[in-house]
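These notes open a run of structures that come right after.
What follows is a pair of complexes built around chain A, which joins chain B in one and chain C in the other.
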Partner chain A sequence: MLPRFWRKIKHRYNLIATKCENCGTYYYPPRNLCPKCRRKSRIVEVKLSGKGEVLSYSVVHEAPENMKDQKPYVVAMIKLDEGPVITSQLVCDCKEVRRGMRVKAAFRRCGEEGDAGIIYYCTKFVPE
Partner chain B sequence: MVGIVSYGTYIPVYRIKAEEIARIWGEDGEVISRGLGIKQKSVPALDEDTATIAVEAAREAVSRAKIDPSEVDAVYVGSESHPYAVKPTATVVGEAVGVGNYYFAADLEFACKAGTAGMQICIAMARADMIRYGLAIGADTSQGAPGDPLEYSASAGGAAFLIGRKNVIAEVEATTSFTSDTPDFWRREGQPYPKHGGRFTGQPAYFRHITSAAKKILEETGLKPSDFAYAVFHQPNGKFPTRVAKMLGFSKEQISPGLVVPYIGNTYSGSSLLGLAATLDVVKPDERILLVSFGSGAGSDAFVIRATDSIESFEREPKVLEKIERGIYVDYGMYVKLRRKIKMA
Partner chain C sequence: MRRVAVIGVGQSKFGELWDASFRDIVLSAGIEAIEDAGLEGREIEALYVGNMSGGRFLSQEHIAALIADYAGLAELHIPCTRVEGADASGGLALRQAYLAVASGLHDIVIAAGAEKVTDIVDKAMEILASGVDREWEVFNGATLASLFAMMARLHMDMYGTRAEDLAMVSVKNHRNAVKNPKAQFRREISIDVALNSPYVAEPLRMFDCAPISDGAAAVILASEEVARKYTDTPVFISASSQATDYIALSSRKDFTRMDAVVFAAREAYRKAGIGARDIDVAEVHDSFTIAEIMAYEDLGFAEKGKGAELIREGVTEIDGDLPVNTSGGLKACGHAAGATGIRQAVEITLQLRGDAGERQVDAERGLALNIGGTGATAVVTIFSR
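After this line comes the complex of A and B, so read on.
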């Protein structure tokens, strides 16, 4: 778990995506090849603005063990302004969330390996 | 010219009123609130800690400065509630801000003055031409034992200051420190809550150190209280900074823009720095601010800061005051859950 988390720190702390300069499509999670352009792909790394809007959402009432203390909470599909759609926790009042709501990225804890283990940090979203 | 190039702040959105804490412990909320000069305090969410607060404040500071994050050559995070006992918060901040890998970094701890200690390090490094920009951050999710008077004040928040030589919005004209071995407040290794010397935290600790540092810097610079538009003193509660201002000859008007403790409590390493940020939100060119922090154990860092013309074009929105006003109130039950005071089976 530790090396797997460490390898993705760059993409978890910031929304570092890839962009195909041939067709202008952004990919998050990043891709090494543009499926549309294939061999003509010209992939570069870019930092996304972290701003977007809620496409759809669920309010989680039956949470996994490590999220029980935060229930009920919102998991939303967020369409970022650059195009990619991300599924993420949206930290807000469950009654406040609605489709089309403007949101922005925030730096939060997303888990920990018990009291003595590593703490995981990541990007979540909050109302803009 | 070396000084503040930018600043950013973060205050968690949850608040608990002093009355609500008093209700649980059978005390008179109104009397306590008036006695401490604290109406309410900020409370971190379950997924917030000193690192997340430091990152949000630092990101705001770097974005307002409109610089490339890779120009930040130093990151110092002062806190008494670093998420790890061993493993730096500064590396989390450096990575999240995107400063690259070639940067000076360390975590600092000096009770409530670790953030201003970081500022002094960055100022010295900028003067020595070792760095282009340095981030000095004070952030905390401070702890108060249930039922202890500290529970009314120990809160969460932080501020980040970008120090450098270019595009300075407020020059640091002078800085000095007064330090002594005074055990007024401490937390032993492995202990969840701090202990304090009660009334001993006043005269021999807070007042002695703040007045000594302030008098020294006034003497060194030849300035007097009337030369300052504003003053910010460490704010463990609302009473101490008001009293120390009077002792030193500063008026209520001079300290009022930076007195944030009545509405968010004592954010420890973030406390005097959030006060400075709130004051920088209203300062005009050429106006001077006296900043004096205090950290138990004990020491005070004093700074003479003068706003430059660049402050007028600097982006100061959203202001600290707006962040203070955006509160969601929680009751004591929710508070103990958010602060992880409930022992789970």
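After this line comes the complex of A and C, so read on.
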């Protein structure tokens, strides 16, 4: 997982999205091709505000091995103010999360990889 | 395009088959199908096999050649191809076999599906989750269950679907599995047990989630003309449709609907010249109970948002107007990833032939829905007597 992760590190750490200047749509995860405009796509990189609201969420009780030390944790679909929806961990009390809740991006420890226990970081969300 | 019929079906037991190897379970399904069709074996002109992740579950790729070898087909040198679309792999293999016969390329083709998951039991669910976006969903903390849980949460909030409705799907499918000798969980559960089982990903609990199972299934397809030579009870494939959607749930417009299912179903009904109301029995992809409720809506069995009414009113019970998952579904018959789509075709064929034993329903037309991941791939197949 690590190589793939590092490749997009600029986008992950800084919430860099792409925007199609032809139709004005923001994409995060970033896309190099606008599905609406295809060959007419004019893709540029833009930094997102990192603010948005919870569309849906779940409290995860059965977690994969590398996330086990964090359970139960909240995962949410967050609609960012610029439009794109992202799936992300939401760092908050499991009982506090609600649909429509305002949240903002924060830099957090994400997990550990392999026996060497390399700690990696990523963008998560917290209540605004 | 020619009419295509199912002339033989076979299925291994689904479940934790500790004693059986991948080769063993595939062979048992294949032999059963060949015997059921009354074939000798060398009439088979091609093989398609659905397998989700031999590479990760078994460290074995080249699955089609392996299966052909152990099925005794190696010396025939027929083309054998593996097809992959996460847990829709079986449905895709069925469709490829259908196309090969319908096009006139081959007269008799075998479509198989197989998965052996219990060799690395602790990683099985994580491998199943490779059917969603690893980089932008799983990496960010989502599990397969939590993605379906987020669909469930919205469906509940927007349409009044209740935890009890989800539990009733599980109770129904367990009850049906009691009557299926090939099923993994052949025991009834009460709604209280389902509602009090531990959370996997809220609001989904243990009994909302299908297991991941070992299993294999096979069907033999033939052109109509050839089929008539082998059987008096051919079951025809009236339509086979496939559709695709964004792989990540977050990229889709509506999280309470699977557009790939809606599109594949619409196309299938059009090709078959029928409507949703003409379906008498269905096998749908209940990897999570909410997926069965959404399937009722996306397949047109219920209006949008009213899927739960079908389970509340008993419509989809085995003695209801539209029995769904008479096999026990993925929840109770078991979910052997790449085998599931073929296993569904086996069940519908048995039902339409009148060979479903204790779980027999009265049906002329059946439908199977097989999806991959959270619905980025959907295959809808319509069968008729």
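The rule is short, and it goes like this: the second predicted complex is superposed on the first by the 123 of 128 C-alpha atoms of A that agree within 3 Å, B and C clash if a C-alpha of one lies under 4 Å from a C-alpha of the other, contacts with A are read in each partner's own complex, and residues count from 1 in each chain.
The rule is simple: a residue touches a chain if its C-beta (ideal position, glycine included) is under 8 Å from a C-beta of that chain, and two chains touch if they have at least 3 such contacts.
None of the values given here were measured: they were computed from a predicted structure.
By the touch criterion defined above, A:Glu65 lies against chain C but remains apart from chain B after alignment on the C-alpha atoms of chain A. Using the contact criterion defined above for the overlaid structures, shared-chain residue A:Cys23 touches neither chain B nor chain C, since it reaches no partner. The larger set of touched chain A residues comes from C, when the choice is between chain B and chain C. In the superposed pair of complexes, A:Ser88 makes contact with chain C only, with no contact to chain B. By the touch criterion defined above, A:Arg109 reaches chain B but does not reach chain C. 70, 110, 124 are the residues of chain A that lie in the contact sets of both chain B and chain C, per the superposition on chain A.
Taken together, the chain B residues at the contact with chain A in this complex read 45-49, 51-52, 55-56, 59, 83-84, 92, 95-96, 98, 328, 337. Within the complex formed with chain A, the residues of chain C that make contact are 122-123, 125-126, 129, 133-143, 145-147, 149-151, 153-154, 157, 198-204, 248-251, 255. Interface of chain A with chain B (complex): residues 9-10, 13-14, 47, 69-70, 91, 93, 106-110, 119, 121, 124.
On the side of chain A, the complex with chain C involves touching residues 1, 4-5, 8, 29, 55-65, 67, 70, 72-73, 75-77, 84-89, 99, 110, 122, 124.
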